[in-house]
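Each of the next two complexes has chain A plus one more chain, namely chain B in the first and chain C in the second.
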Partner chain A sequence: MDVVFLLHLLLVFMIIGAFITVEIKNMLSAVISIGAVGFTLSMAFLFLGAPDIAITQVIVEILSLILLIRATVNVDNVAIEEKGESVFHNRTALIFVGIILVFAWFAFQSLAPFGEPLMRVSDYYLNNGLIMVGATNFVTSVILDFRAYDTFGEAMVLFVSISGAFAILRRWKREQHKDFLRIDREH
Partner chain B sequence: MTLYFLNFVLLIIGLYALVVKRHIVKKILGVAIMEYAVNLFLILLGFRKSGIAPILTEDMDLATFIHTAVDPLPQALVLTSIVIGLGTLALMVAMAIRLYERYGTFDMDEINRLRG
Partner chain C sequence: MKKEKQSGMTFIVKTITNLIIGFMLVFGAYIVLYGHITPGGGFPGGVMIALAYILVTLAYGRRVVESMISGVTGSIADDIGALVILILGFIGLYIGGTFLFNFLPKGTPFKLFSAGYIIIYNLAIMLKVGMSLYIVFLALAILQRVVTTRDETKEDKK
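Moving on, here comes the complex of A and B:
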């Protein structure tokens, strides 16, 4: 089967999954549906010649599913009833979505056609990567050698976001603070 | 071209969930869908017809490999972007859990009303 046709099928499946995610009432079903979208994305990466990213996507998808199920389980997992006024909001949003899609169709005409990448910088990496770095996987040589500073900055962003999540979720500090308040009130 | 357009439709679905829905977890799911769309778009830009993965094996010739491999640069950037997406998702879920413990609901309008 042709790769481009297969990619069309995968993308249509992803759009259907994303639509179900947005519109379904039960939140646990929405989370499972976005898991289907993510694993289909991993398959698309595999067919696009990016096996490293496909593996990473599978692992990250499993972890994010665990996180999202933690957020939805044990609470009332039914979506919130829409109020009457939000029908107007829905219609306005749909009109703007239509306008954006029309403009995007014209904007995509000016891009390079699909299947013929520009590769102005990447030609240098492909030509000299084996001699300068010695790695046979060129993605790794770009991450860890040619663009190591970018990777360093992105690792910093990851560290900051994870430590922010820990700072929000920690319990001991708040309980200590509550104890202090109680002691103040008693005296 | 139609692949780019379908990809953009996916991004727009995420944006719609982010703007219109009132449930916080639905908003988080919208951000996740937009992330998927952007990552896939960058990889699609670097795809080459009948291209192979940018990994050199022993039985390949370097000169022909250069003209058949797909673009390694967007793959390298998207690889770190996916992991950062997990980090920001963890941050958003942590905030949502805290808001639920504080206000007892996931509804954005209700939280705004209770706060005011």
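Moving on, here comes the complex of A and C:
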């Protein structure tokens, strides 16, 4: 079977899953269907020949599913009520999506066709990566040697976000609230 | 009843967790250490190690996992990971003239110690990512416990 046909099948499945996620009333079912979308995306990465990003996608999808299910399972599973002005919101969203699609049509004309990427920089990495770095996994040699500064920045993004999370969820400020303190003593 | 619910899940889940936890940790370490030879690297391996401890948190409850790695220890390991990357960058700046220069010998390909400083970089990213995601999960667990107990006391008042 052709790889492109399989990719189209996976893409259709992902679009159906995304529609179910938006339209379904139960919050837990929405979380499960967005998990299905994520796992399908990792299969698409495998068919495109990118095992590195497929592994990362599977594992991060599991983690985010655990977090989302833990966040929604104890909350009352009531969907957001439809308001009267939703017609106006839908029209605005449709107009914006239409404008973006028109511009994307012109933008995609200038891209390289599918399956024939531009190999100007990649050729240099593929030819010199084994000599200059010594790593047989070229993805690692790109992200940890040629583009090591980018990876450094990504790690620091995580560091800053953890600092922000701890600044919000800190304990010593919560002690001032008598409400929280009483509950902590009870247990 | 309430105390049993807070101390974790059922006996089945705990047994499966005992069986599977070693495999998860070993596979995470494998993905990190062989990241420059086979697909993988510090990020997926670190998330996998964080997932192993999150599984313990879900199965046994927060007290057990905090006796293994407390929040303070995890945050110190997180900072050590960030510091190691920074120190690697400055050593490269001192030796090679550019930030994050690959200063270690390259070695022969397909060997574990090849590719220069990439293995240290991967280990630092593993500490960074794994411990920070684990700490986020612990913080969310603490917050959720406070919120749910608050809701329960409100319902009791009603």
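The working rule: the second predicted complex is superposed on the first by the 171 of 187 C-alpha atoms of A that agree within 3 Å, B and C clash if a C-alpha of one lies under 4 Å from a C-alpha of the other, contacts with A are read in each partner's own complex, and residues count from 1 in each chain.
Convention: a contact is a pair of C-beta atoms (placed from the backbone, for glycine too) under 8 Å apart; a residue touches a chain by one contact, two chains touch by 3 or more.
Every value quoted in this text rests on a predicted model; they were computed, and no experiment measured them.
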| item | value |
| --- | --- |
| Clash or fit (per the criteria above) of chain B with chain C on chain A | fit |
| Which of chain B and chain C A:Q109 touches, first, second, both or neither | first |
| Chain B versus chain C as contact partner of A:V133, first or second or both or neither | second |
| Which of chain B and chain C A:F152 touches, first, second, both or neither | second |
| Greater residue coverage of chain A in the superposed arrangement, chain B or chain C | B |
| Which of chain B and chain C A:I95 touches, first, second, both or neither | neither |
| Touched partner set for A:I15, first chain B, second chain C, both or neither | first |
| Chain B versus chain C as contact partner of A:G49, first or second or both or neither | first |
| Partner chain in contact with A:L6 - chain B first, chain C second, else both or neither | neither |
| First, second, both or neither for A:I62, with chain B first and chain C second | second |
| Touched partner set for A:R70, first chain B, second chain C, both or neither | both |
| Least Cα gap, in Å, left between chain B and chain C after the two complexes are fitted on chain A | 6 |
| Overlapping contact positions on chain A, where the chain C interface meets the chain B interface | 51-52, 56, 60, 63, 67, 70-71, 130, 136-137, 139, 141, 143, 151, 155, 158, 162, 165, 169 |
| Contact footprint of chain B on chain A as seen in their complex | 3-4, 7-8, 11-12, 14-15, 18-19, 21-22, 27, 30-31, 34, 37-38, 41, 44-45, 48-53, 56-57, 60, 63-64, 67-68, 70-72, 75, 79-80, 82-83, 86, 89-90, 93, 97, 100-101, 104-105, 108-109, 111-117, 119, 121-123, 125-127, 130, 136-139, 141-143, 147, 150-151, 154-155, 157-158, 161-162, 164-165, 168-169 |
| Touch list for chain C against partner chain A, complex | 6, 31, 35-41, 43-44, 47-48, 50-51, 54, 58, 75, 78, 81-82, 85, 89, 99-100, 102, 106-110, 114-116, 118, 121-122, 124-125, 128-129, 132-133, 135-137, 139-140, 142-146, 148-150, 153 |
| Touch list for chain A against partner chain C, complex | 51-52, 55-56, 59-60, 62-63, 66-67, 70-71, 74, 130, 133-137, 139-141, 143-145, 148-149, 151-152, 155-156, 158-159, 162, 165-166, 169, 174, 179-180, 183-184, 186-187 |
| Footprint of chain A on chain B - complex, ascending | 1-10, 12-17, 19-23, 25-26, 28-30, 32-33, 36, 39-40, 43-57, 62, 65-66, 69-73, 75-91, 93-98, 100, 106-107, 109 |
